[in-house]
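Next up: some structures, all given as structure tokens.
Note that chain A is present in both complexes that follow, paired respectively with chain B and with chain C.
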Partner chain A sequence: MPQVEIQCPLPGTFYRKPSPDTPAFKNDGDSVAIGEVIGLVEVMKQFSEVQSEIAGRIVRFVVGNEAPVEPGQVLALVETA
Partner chain B sequence: MAIEVIKPGLATTVQDAGRVGYYNVGIPLSGALDQYSFRAANLLVGNDENAAVLECSLLGPELRFLDDAIIAVTGSTMTPKLDGTLAATGEAIAVRAGAVVSFDFMRAGARAYIAVAGGIDVPVVLGSRSTYGLGAFGGFLGRKFAAGDVLKTGPAPAGARAGRRLPAELAMPLPKEVELRVMPGLYYHRLTEASAARFFEDTWTVAPEADRIGYRYRNGRPLEFCPRQQPFGAGSDPSNIVDAGYPYGSIQVPGGVEPIILHRDAVSGGGYAMIGTVISADMDRIAQMQPNYKARFVKVDLDTALAARADRQQRLDQLRAALR
Partner chain C sequence: MTRPIRKLLVANRGEIAVRVIRAARELGIATVAVHSDADTDSLAVRLADQAVHIGPAQAAKSYLNVAAVLDAVAKSGADAVHPGYGFLSENAAFAEAVEAAGLIFVGPSPAAIRVMGNKSLARATAMKAGVPTVPGSDGVVDTVEQAVEVAASIGYPIMIKASAGGGGRGIRVAADAAELRQQMMVAQTEAQAAFGDQAVYLERFIRRARHVEVQVLGDGTDVIHCYERECSLQRRRQKILEEAPSPALTPALREQLCASAVMLAKSVRYRGAGTLEYLFDDQSCEFFFIEMNTRIQVEHPLTEMITGVDLVREMIRIAGGEPLRLKQSDISIRGVAIECRINAEDPAKNFFPSPGKVGAVTLPGGPGVRIDSMLFAGYTIPPYYDSLLAKLIVHAEDRPAAIARMRRALGELKIEGPKTTIALHLALMDDPQFQAARFDTNWLEGWLAQRAG
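After this line comes the complex of A and B, so read on.
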């Protein structure tokens, strides 16, 4: 099955959870729909949602929680049906 | 002539050459953070170089043009897409009425300028069309764009035509490691000699908080101030002073930990010691630093700063000549 990359749209700090004491938006192996949030990027004192532009199953996250990220960096790999 | 905002981007605002002359009453310069690229964008579309443009920070908007237009994108590497088809940066391009203009990721640099022939038509407030977000005035309703906003543009000038290109050697350089030249003062003497030396030795990383107000840097060694009894009116931390005016470009280091360079939307005064000021010729470079880019501070004297200012002026003249 083809694998598609979810890329980071903007630079900053990547978060996989909506807040420190809640579960991650998505885990490895979860299914994801178009428009679903897979993480947040914090930059310029704002949090921006990263939404999936594809539907499928998340093979794995490539970037960890609270990692610095840059535009175009691969965040996760998604297997499309 | 109008443009509809479909997606606003992270922080897209109207900016021009800035609001000069009110810093003494607490109203900052505002204006395009990278003044060089802002001017290049205007010249490409045949505008007066001081016309109002869109400044995009870190993430571009998605716009629908309701009329035919000539636009140009300069500054950071943020490739425009006309109805999904990649177009050129640093070049005047024709956009048809009804077209949606979106943008690729900002691959390098932090601020893109979108000039539209005719300029962005917002009211002039205190001599400028620039947005001052903290003050909630200027620009488009005193704020960054939101989805659904409709912007008006002025009538395109006679010289507007597609195809005018910015020569590669006149584009803004976008390195990930930047040297920023600094003149020490006014409170440089408050640092210990060893600490002052370390400030110029260390490599500093742009923090994610960096914005139009101030550019914060981290990962250098903490600064040490000379011991003293804090004077009346100064805060208790050694990085505090009795309140003073802050120059544009000045560097303060709250708690001695993370230097902050004040940029065009900064407050005009306060109680932190300014250990130096980035020379005016290098302020555009700061505008193009993404979070996690690196800076080294280089100590210079007034003669060097003035020579750099003259060089910058000469480069602007080359730009004007090339895009006439």
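After this line comes the complex of A and C, so read on.
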């Protein structure tokens, strides 16, 4: 099955959870739909959602929670059906 | 006891780190900059005598990391720490740790940070000192009947606020007793659902207020004020443009306001530079203390321009054990100053942040113009911190002249690369309402919405 990358649209800090004491938006192995939020990027104290542009199953997250990220960096790999 | 500072570590970044390094250098004090992975090539690092790396880009792991900063202090051999604003500047435990290590914290005592940094304690302290606060209930109100009775003495419109709320959440407004009867139960139920605590209290709702703040300097015994700044032009509670003095105050009101700030700061034996924030109702001419910032503030240059006092220098001297060098009678207002915050944000796209590489930078100059900034050509603005790139401050003999000077200076300022708020400030300078100083803390958001629509 083909694997597609979800890339980071912005520079900043990547968060996998909506807030520190809540579960992650998505975990490795979860299915994901188009438009579903997989994480947040904080740029200069403003938070932007990262939405999946593809449907499939998340093979794995490449970037950890609270990691610094650059535009174009691969955040997660998704297996399309 | 005088204990002159020999080496000062600046526990901050960006323009304020540069500002503190400049003040220290003028005093003949050696400087240490701390920096994260994202700031290795910052202007502060370039200007300081010494630089110490304190961790990864994320603020929580570097500039907010007490252990890492204390480690840098020990490593560098600094005998004092200036916290700047934000980050650890109002962290009483940090100030305490610095003092426990036998070093100097350039700021108030940890006890003063604790008392004045807590909203309800600060309010109680103000009431005890006889300083007006927003009229409200004395703690929690439990029943509808109790609320109506208390509200009668506070006055309408009134806010019902969740005790456990904050940041504008958990607030309902009632115009009269009938509405208060309706809203009270709803507010308690909502507070229970949102915060797990149904406790609510009442506070007068001030529909239209200006944000006016008084600058004080204390040495632990004496306190003087350096007059006020007006910071009503805000977006999402962030100040965009400030000026000093406030165009809304009469000389008599100004003296009353500033005297109340001195009284309050004296009651906590305040040491260093501090700011007391007030709401000012320009209809009723009432002012109400809301909170105190126990640190230097972003907009401090305004005060420096109109009074000629170098606040950062004075706070460093005071921290070194010197008594206040200035008496109240030494302080007077000369002219008007305006500050525009130049942020790396795109006003056309809802102020979306615009970090990245900076090309050529052309800074304005000439009479009455000051720039506090960490920019240089080729600098890369990191995405991890706030978006403030530069503070453009002008000083002139009166408000129309200051506006004309700001328009001229904004026209000279060129920053290649990021989107900035320069054009927004230029539009403000041409706005008749701004020129007439007719605004309150909600005005700018309305103005922005109108321009967008």
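Following the convention adopted for this analysis, the second predicted complex is superposed on the first by the 81 of 81 C-alpha atoms of A that agree within 3 Å, B and C clash if a C-alpha of one lies under 4 Å from a C-alpha of the other, contacts with A are read in each partner's own complex, and residues count from 1 in each chain.
Everything below uses one rule, namely that contacts are C-beta pairs under 8 Å (C-beta built on N, C-alpha and C of every residue); 3 or more make two chains touch, one makes a residue touch a chain.
These numbers were taken from a predicted model, which means no experiment stands behind them.
Visitor: Based on the superposed arrangement, let me know which partner A:Gly12 touches: chain B (first), chain C (second), both, or neither?
Guide: Touch partners of A:Gly12: chain B and chain C.
Visitor: Just to be sure I read the superposition right, which of the two partners does A:Glu66 touch: chain B = first, chain C = second, or both, or neither?
Guide: second
Visitor: Pick one for A:Met44: touches chain B only (first), chain C only (second), both, or neither.
Guide: In the superposition, A:Met44 touches chain B and chain C alike.
Visitor: Looking at chain A, does chain C or chain B touch more of its residues?
Guide: Counting residues of chain A touched by each partner, the higher count goes to B.
Visitor: Tell me which partner A:Gly35 touches in the superposition: chain B (first), chain C (second), both or neither.
Guide: neither
Visitor: Is there a shared patch on chain A that both chain B and chain C touch, and which residues make it up?
Guide: On chain A, the overlap between the chain B and chain C contacts is residues 10-13, 42-46, 68.
Visitor: Within the complex, which stretch of chain A touches chain C?
Guide: Within the complex, chain A touches chain C at residues 10-13, 42-46, 66, 68.
Visitor: Which residues of chain A touch chain B once you look at their complex with the stated criterion?
Guide: Interface residues on chain A, with respect to chain B: 7-13, 42-46, 48, 68, 70-72.
Visitor: For the complex, which residues does chain B have touching chain A?
Guide: Contacts found on chain B: 10-11, 57-59, 105-107, 110, 208-211, 290-292.
Visitor: Please name which positions on chain C make contact with chain A in the complex.
Guide: Answer in residue numbers: 37-38, 56-58, 60, 344-345, 352-353, 355-356, 383-387.
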